[in-house]
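Just passing along the structure, written as structure tokens.
Chains: A, B, C and D, in written order; residue numbering restarts at 1 for each.
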């Protein structure tokens, strides 16, 4: 954008603090010495480039042995941190919409979904970004890595904040050398982390929102009860059909499979089992929220659920991309420092590998629900004339304006 | 890399200013308060994150109307500028190797080629990076673009330096609203630009290097003379073959085509025509350099030419990616501000479109040489027993150490 | 997916034509000879790999001079054609939803938008795919390009169908060597192209849909009239504000700019001017459709407009990516055959460059509307209590089932 | 390329089987009915599109329930198989160069490296290609997955060939449900796999090549002995330096670390340990080959080692990208069918996860060598005047022509 970005320049525009300039005149205004005098701002100042592009100090140079590739190392990490900042910016704004209750006004769903999607696009870039650092070989890295001690990526405040705010739970983190991740941070930073653990994370906010999914009401459409009835009726019909088949190995297999299916779905409707899985960290959201998610899956084409369905997809994308990022990171580390297999001590490489795990997938329930899909004709029917609630969105009068303001 | 980068952490390493720590101890050293006391550096300080991730000040917020998406706009441009800095870093180091004559020591070719290839990889990322900013719509942009005036991407010092150092010639630049690009800069920056125009650019350095291609020597292999002879002999044989065909429309066509081919190659060996094309800017490198490039093309598999051939390919990649970057930029501008067609005044959109042009392809000759390819059996034969110069690389005793030092 | 795709295998699933197998048993069923006897299908047969991966016949080999890289050339083009087939598949399904009127049932908007977005993702891949063919140099290509004559990418039926079905108008195509594009095709293919020109293209279908945008009704919300009133009132207030300023160069400039703004917006509300631009091909959709698009832009956060707004963005993405594809193509051609500058005759390179043009942007109006953005407070207010139509989606009873069936 | 590929069309070229056509005439030749009569080939026939784009038969449609998204599923897998074919093409050609001994002629190194790099670029595309299939949701997939049984990606012949030819060893494969991978294939295909296991794989060929690295000769430069001497001398000096320090915790730590370093390097020079690691599959190449690789690492800038060093990097890239491909596959499977946690039976998901392992990294030694890097001044010195062998490439007279022919 930067190099010759005229839409950037276009801004001189119409309603510039009531300073109406046309294009030629805007250009005029850039001429010579009196540019600043017109009160505008110039590119380098706007972007604070005096800070950003002067922040590359090579430790190797300071220590009298300037190594060319350290510059790449610094710039790459700074670029990661810049984008982490942007992700936090989006994440905080979305969390704010949920926390303030503005999400009840469904006009805000576009905003929520767009910003979550933007995080997806940033992570996609971050995954690709490894290809640049990979132009540095292990040997190039070796030449300066000694100077960096004891600095460590574990000390990236923003990445830890990001994990916390999305919802990586403290108790599922893989410990590194028996130390708590927060011990890498001191004073102010440690407090920021602690407070980010206490604030409602995206996972918890989405959970609350899913619990309010229209159609779950026991005195209304009562999706969950209807679904249970349909599934077991379907399985029963299936059983009868199989029973009528002449005896054969195939028939036996089908019967066995049917039994397994029944067990599977019985477990789905068993709240005790849900609580058990929750306690083990194998499920992360409430039973009600799980129902909401499944409802959105099955009725995703209903007008009110179209954007919510996109949102659930985007949340899975974030999870997937974060683990891909972790995995790409592992691959790079393997190339840079080897596996140190046999040298004893849990290595950084092996630690990192262990974080490429479903434990770090925050929205793991949204993936695992794929286990409980059913044929379309088992899904409880919605009559659009009767069940108009899926056609009519809600808004929130009072909060609307404030929502606008807050943004 | 940042979030949990253990190879980064690995650094506690072996030979750390003679401070030998093992892994566990290095981790020990991170504990608590006395981390700094051991004289090391921590992640955030190393990367100067206090400068980099605090440099996002929204003009819209300063003016009392905070617009969420301005943050993305700032971060994206800062990321571009960070990478421009890295490109300049690589470019300057490569230019230094050429200028100092270290390129004569062929051990330095790997370094040159690797760094040029790194620039390629960065540009590839920069082209992809548009996908993030494209999550902002024209309407989102409209909300804050007024506050940016008169800041403009035209004011990106680093991008202009980069163009100059690669070799975009001043006289081929498309003027924007009849103003010289340097007028967008004042004082110190304007001087930096002027001096970058005067320093040898990559194009000129590559030209000098190509002129020294082994095999061009008139009193040696004399590639150019041999090539000329072979081509015209080949065309002559072709003509005889066609002449023997029975008369037909096809024969006539083939004869006409042959005539055109002859004209084409006659022009290649006409130094006057070369000078003419040079003067018009349609060619950019000397006649001798052109010969060197074609020689490298034809004998690319010879040991000494393998890396040089890769280098020429990478230079074309840079050109291509820069124009793709420009074109992606054009596309984004079209979406953000429209074409303003019909409103009068050369718009930024139309200006930018005009820079997506072969005028801005610095290494255009390397592309255009594809016009002069010939069948393999027309290429002058090299006898590996006789022409050993393509098997034996040169080194430069005295310069070698200094090269090591300089890096 | 292919190499070890177990979800592919998972399918042995529950309800497999009433053949219920469990996982282990499914695996059992793959054992040995009796696999087929169970009536299933195996991977290679399913994908017809006997056709797909045997379709690589090198012309160079047929002519006795096998050139290694021709294989890459063939595979790359086949991959392009495979994806073109998929794009046509999505395009036809979306067009069918529009043509049949099922789009009136807003439950189908998710499907429409998802499929259009899938086309976007495919084009993104196709743009990236050039990086593989770019591993072939001009010299490698030269070795076999003679054997391909007179085959030409101009003869890609699917690409032309795709252009026609999206909406590249015949009269805006750049002619190539004074010939109509359809002349490259004979018999059946030529008829398919002709008929694709006559069928309603995506552009025309979207146009009709935009014309029905709720809120445009003259006897209802009457967006267009309200908008006109607001804009001119806004400009008038602006003028008064400027008039009160003390005389200065700045004031004069602002007045001039204001005048231009007024002219700009006057032109927007001038239907005659619209008809004129239509006739020149500078606009492509009806006046009513233009109004609908602008309405969706301004009220994109209203529940009924969220997905339509995404759809408009995705349509622009398609346009942008198609031109990026064309541009990447141009870059590759330049590298492969040079520009042939000076040899006379309009070259393929120059022809292709000319197609990277706004003439080939089908949804150019959606981009150009960015010229007519206004401050948020100028947008006519919608009272959610009064204007409930933006909160309540429509469905289409009768068509619903058939829609399900048709898909 | 396909859609309007004029360089494709350019082919009508110069020396087309002695058929010289110019551009206009070539176009003439495309006119009307007599196109074929001129003996050329047209685009669709050349690419055998009648086979490739007609090979999409939906099982769901055959079974009377056409599901739109199955088309995407088929096309995606076909695209994967097309590219697998191309990878095999490159792989076989490279293996042939090694097997035939043509690699001894160092003129062939460019070809080898370029083709290996092309495989890298294809894998990069294949990793990205998941983004297209990811536009299909678990629910879309559910609608047709039943029809695919018992087809399975495990049955991809080409992928297994590819693994074997690169060098995934049979005994390190993770078994799936206690069955040998070859049991998924019958007759001819099973034989092809068996024979691919017996042919020399890329790993073994590279191993042989590394063993011949110039400089390893015991009666020559004797790199390994010199290296051992230097390292232990270096460690010894280090120890003396530390010993002179005043007693402190730091001193103790440094001493401990030094001891570990000594152990590490002692293990490197212990051939028995190497044999042990080989037997466990933790190392894969011979001791001599390991030495060759390390020599290339340390002297990568020497002219003869520049391209070999690139080759080693590219081989690591292939490994990395194959595991990334596997991991992306795992992520997609998780989304498509869930983890089936709790349903019993080793699921496809869990199986796939287990293949994202260093067991499947063929060139794992090249990564792990990063553990044995040393300071530059410990690397045995090469005097360019004395050790000219690193400046002078070899060629192979007799084989050269045949190499040319064979390609």
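Keep in mind that, in the parts below, contacts are C-beta pairs under 8 Å (C-beta built on N, C-alpha and C of every residue); 3 or more make two chains touch, one makes a residue touch a chain.
On a predicted model such as this, the values are computed, not experimentally measured, just so you know.
Engineer: Between chain pairs A-B and B-D, which one is joined by a greater number of C-beta pairs in contact?
Structural biologist: Counting C-beta pairs in contact for A-B and B-D gives the edge to A-B.
Engineer: Going by the average position of its CA atoms, which chain sits the greatest distance from chain A?
Structural biologist: Farthest chain from chain A, going by C-alpha centroids: B.
Engineer: Using mean CA coordinates as chain centres, what's the gap between chain A and chain D in Å?
Structural biologist: 32
Engineer: Just the number, please: Cα centre separation of chain A and chain B in whole Å.
Structural biologist: 35
Engineer: Roughly how far is chain B from chain D, going centre to centre by Cα mean, in whole Å?
Structural biologist: Chain centres of chain B and chain D, defined by C-alpha means, are spaced 28 Å apart.
Engineer: Pull out every residue in chain D that's touching 2 or more other chains.
Structural biologist: 14-15, 19, 21-22, 38, 260, 300, 336-337, 340
Engineer: Across the complex, what residues on chain C touch chain B?
Structural biologist: Residue list for chain C touching chain B: 134, 137-139, 142-143, 260, 263-264, 267, 277, 282, 297-298, 300, 313, 316-317, 320, 323-324, 327-328, 331, 334-344, 356, 358, 367-373, 376.
Engineer: Using the touch definition up top, name the residues of chain B that touch chain D in the complex.
Structural biologist: So the residues of chain B touching chain D come out as 14-15, 18-22, 25, 38, 106-111, 113, 238, 241-242, 250, 253-258, 260-261, 300-304, 306-307, 309, 375, 384-385, 391-395, 397, 400.
Engineer: In their shared complex, at which residues does chain C touch chain D?
Structural biologist: On the chain C side, the touching residues are 1-17, 19, 21-24, 26-27, 29-33, 35, 38, 40-49, 51-57, 59, 63, 66-68, 71-86, 89, 93, 114, 117-118, 121-122, 124-125, 128-133, 135, 141, 145-160, 162-163, 176-177, 179, 183-184, 186, 325-326, 329, 332-333, 336-337, 340, 345, 347-349, 351-352, 355, 407.
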